Amino acid sequence: MTTSSHSGSSAGVTRQYAPYVKADWGYANHWYPALLSDELEDGTVKGITIGGHDIAVRRSAGKAYAISDRCIHRGVKLSAKPMCLSEGTITCWYHGFTYGLEDGSLTTIVGNPDDSLIGNAGIRTYPAEEVNGIIYVFVGDEDYGTPPPLSSDLPARVTNDPNNTPVPHLLDEGIVIRGIHRKLVGNWRLAAENGLDPGHLLVHWDNQILVALDRALPLGVNALTDSATEEIDIPDGPKGVMNRYDRPDLYQPVLDNPKVNMKARGTVPHYFRTSLWVPGVLMVEHWPITDVVQYEFYVPIDDHHHEYWEVIATRATTDEDIAEFNFKYDNFMLPLALEGFNNSDVFAREATEEHYTRFDGWNNEMLCDMDYSIIAWRKMAARYPRGFFESPFQDED
Amino acid sequence: MTTSSHSGSSAGVTRQYAPYVKADWGYANHWYPALLSDELEDGTVKGITIGGHDIAVRRSAGKAYAISDRCIHRGVKLSAKPMCLSEGTITCWYHGFTYGLEDGSLTTIVGNPDDSLIGNAGIRTYPAEEVNGIIYVFVGDEDYGTPPPLSSDLPARVTNDPNNTPVPHLLDEGIVIRGIHRKLVGNWRLAAENGLDPGHLLVHWDNQILVALDRALPLGVNALTDSATEEIDIPDGPKGVMNRYDRPDLYQPVLDNPKVNMKARGTVPHYFRTSLWVPGVLMVEHWPITDVVQYEFYVPIDDHHHEYWEVIATRATTDEDIAEFNFKYDNFMLPLALEGFNNSDVFAREATEEHYTRFDGWNNEMLCDMDYSIIAWRKMAARYPRGFFESPFQDED
Amino acid sequence: MTTSSHSGSSAGVTRQYAPYVKADWGYANHWYPALLSDELEDGTVKGITIGGHDIAVRRSAGKAYAISDRCIHRGVKLSAKPMCLSEGTITCWYHGFTYGLEDGSLTTIVGNPDDSLIGNAGIRTYPAEEVNGIIYVFVGDEDYGTPPPLSSDLPARVTNDPNNTPVPHLLDEGIVIRGIHRKLVGNWRLAAENGLDPGHLLVHWDNQILVALDRALPLGVNALTDSATEEIDIPDGPKGVMNRYDRPDLYQPVLDNPKVNMKARGTVPHYFRTSLWVPGVLMVEHWPITDVVQYEFYVPIDDHHHEYWEVIATRATTDEDIAEFNFKYDNFMLPLALEGFNNSDVFAREATEEHYTRFDGWNNEMLCDMDYSIIAWRKMAARYPRGFFESPFQDED
């Protein structure tokens, strides 16, 4: 076990965002991305897990539905062996329990159409929306009531872009979205913080995309005032924090550290800005190149795994523009940014998990000055918790 | 976690078979199959585990013996590196502790023939019987006393076959038995219930053997009266429940479910009947074809694994009849029935385990009308428990 | 589960070495081997774990340093992605925290040279020594004070060799050491006891090196008096026990066991002697051949794994002698002794672990007369405990 040879504690700070420390399974009662639209062909079923909720996502007559992935009878996953016998229903492959997609009610049992359970039992459903190629699901307490609008759980629309046309919002019309997602080891908060973190540039020091484009990347970026990371709290709307890299009066790049004989590399300056939004969505404006935007979702699966979503959006309406974006996505952005560059972050997050799991890292970390934006995020995420996911596992007899 | 949107509970029913719910490691003080005879050549040792008991099965001078598979000295498994230095003994490969097979007493230590432990220590032995190609072991409390006859832990002899010669009993003379066994994920009770279950025909909907033989398989079979599943409780003999599919007055096949637009397939009727016996033995008469019988054993290994035994028996005494059966077994019954058809059951059981393990399924299931025979089985299995296996694992210091 | 059919308990004996039974994670505040010198090139870092302590071993300007392998910031392992930017420091690859190797103090952060943590935080270091090709680290309580000399944690220098020149000590000048180490399943005590154990010759019965050299190996060696295993307790120096196989008045070989029809094999007598030293170092004099010595270290990693070290030392100063030893090591001692012969011990230790882990073996073993030297070792190891490693893992929130 590591032991510090100097005193140091962040317990005082920890108390300022106690709900966040508690949110090991994630925040409940939020919209999360479930699947990319093109992963769910009509008539099919896919199983996912968000915050411990096993959910079957089913497309029927073109529309995406989300329903509990546990048959009420013997508890098997419906998605283990998808069976769709009619539009508007999903059938359990084991004993034929058939549920309506709208309300989850048990509408028939294949081998026993007169069973007394029919009409008197069911499984829960989840609100689902599909916009611009992403299927979102609202996951949380069954009695939560009407969910807030999807837009309140996405980054705010950018209006103050200093140099260019503001990057598109995920719900904008006339945009194209491409992306990937994958299950990673690591708590969702470690992933989210890694995305925003102004102090981790070192892991990208040698990434091929930066070398190829000769991008100027400082060793670090240091806040000059407390307002360098802006808190954005829109009533009934998005909550997040933004590193105002667009404001030279707020940030100073570190270009040289003679103690370790390191200098910043690259000569081509490039403007971008990072912000992180509840319940765990990163926006990187003008990344990896100007006029596109990279969004990342850190969707809690359980307390030690998250689904890492990376999507890139751009404005494109003509076939020619769309084809051009797709070509650049397939042959440049996907391999060099989403995979090449971000894989360094994946390594870092997975390497961080051990300490937080085995050594109670949330109470045994030592934050530094560079962590101002991490702390701002934690406080923001702790401000209005709608609910907390909890372990669904029950003890055996 | 699944949450019902309707009320529903089987707690009242659960109380009627409480000993069964408790039997997560299996029922103790019963005969269980240990090995097929041809898996144990003379002079060899194989290690098995039944209900948490690690047992070394050793054949010496033709006879099969069962003895604890833990050396009393440092606790290694004797079967880890079999060492048989003389008939009637088994020797631990580590320090040479040598035990008599009849009573388990420590008869010598290879490197120290005068050790004071010799004659004053030993390991337990288990009663073993070998009949018709199967070695059975009686496993349970060491002080249980004289075990009941093996026949009391096997299905009863069939006497009321309606159409054909009754199928042979496992202890009959003049029969041939072929089969396989394998370790599966899943509690033994989930496996046993799956075997009897009249409600799971859907998982066999598309099995090749049914399509090839054009067998008429209904969507379900529904009991018309409470006596459709017969309770069989023979004094000092087998205890079990039988789905009386031979009685058209008791069962009605479901051939059509218009709600999901499904109809039963196949045109060739075929008579069979299923029954399940304590401590976990299935008999399927005239399956997969008329005049043979399929037995299945669901032998508890621990609370989450069982050894799945599938054997087929037939009457055959002449070399020609035996050769004909073996040919059909190797090229039809093994690939299409024991593997092809039953692998759908294997999938179902393994898929069911997660709910029962993580979500306390025994108290969080919702049984339906089709489960009448499952409940009859649970009550029968709970009626006269001879004992319960328990986890053998002890806490570390 | 094993159950004795006879009474038997070693509880009375167990109380005589209670601190040893407690030492499941190993004894703290001792010197342990960390790496072979040639495994750590200049400028590189390797991560190891001893008694639950994750340690980064770094060579800088030729010298080996040991430092905590957990960055104080977010707890990642420094060795996960070694980053050495200047002599005398080690840098965390994630956020650039840079520590001095001498005292572990935080000397800079790559991207934030003015961070207020710099100079006010740090990680612990461990004393390290490098002698004759082995890097040793002193691991234990951070406030232990000045460590005892390395020699106190190695076998004593042999002075009473009866037939030959005494074998060399690990700290002697003019010697050559070759060896290997590997991570094994099994508590370190099971490994140490296996090394000394006079009763386990049976596992080596058929080893190729013995057959090739026609070595006379008895079935067992039995002590004639209580002093057969000598206790060696040097003030401020090594503590150990030695099987005095050099004294024919103390030991009698067992050459025949008619009960199991076994006789000792081999005709060529060979003198060797085994001794075991705190905190877990075996010395086998004149093994595998006369004039060389085999040392083994059983270094605790956690409570269920140890690092198994096997090294052979000989006197050699001329290039010709060194080349001759290396040739014999590569083509005879390594394959036939360290791997061939000792792999039988590896098998035995790993097979023993299950019983001690799952069935509380330390309180459920039945020692025999042959275990006199095991008990002597346990008492010696329990006599002056400097400290105990404990599980470093903390509960999660």
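Descriptive notes on the structure:
Per-chain residue numbering starts at 1, and chain names A, B and C are given in the order in which the chains are listed.
The rule we apply is simple: contacts are C-beta pairs under 8 Å (C-beta built on N, C-alpha and C of every residue); 3 or more make two chains touch, one makes a residue touch a chain.
Since this is a predicted model, take the numbers as computed values, not measurements.
Interface of chain B with chain C: the two copies contact each other largely through different residue positions, with under half of all numbers used appearing on both sides. Per the C-alpha superposition, chain A sits rotated 120 degrees relative to chain C, a value rounded to a multiple of 5.
Taking each chain's centre as the average of its CA atoms, chain B and chain C sit 47 Å apart. Multi-chain contact residues, meaning those touching two or more other chains, do not occur anywhere in chain A.
Interface residues of chain A, counted against chain C in their complex, comprise 1-6, 8, 21-22, 24, 197, 199-203, 218-222, 254, 257, 259-262, 303, 347-348, 351-352, 354-370.
Those residues of chain A that touch chain B in the complex are listed here as 52-54, 68-70, 72-77, 80-81, 83, 85-86, 89, 91, 93-98, 103-105, 107-117, 120-125, 142, 392-397.
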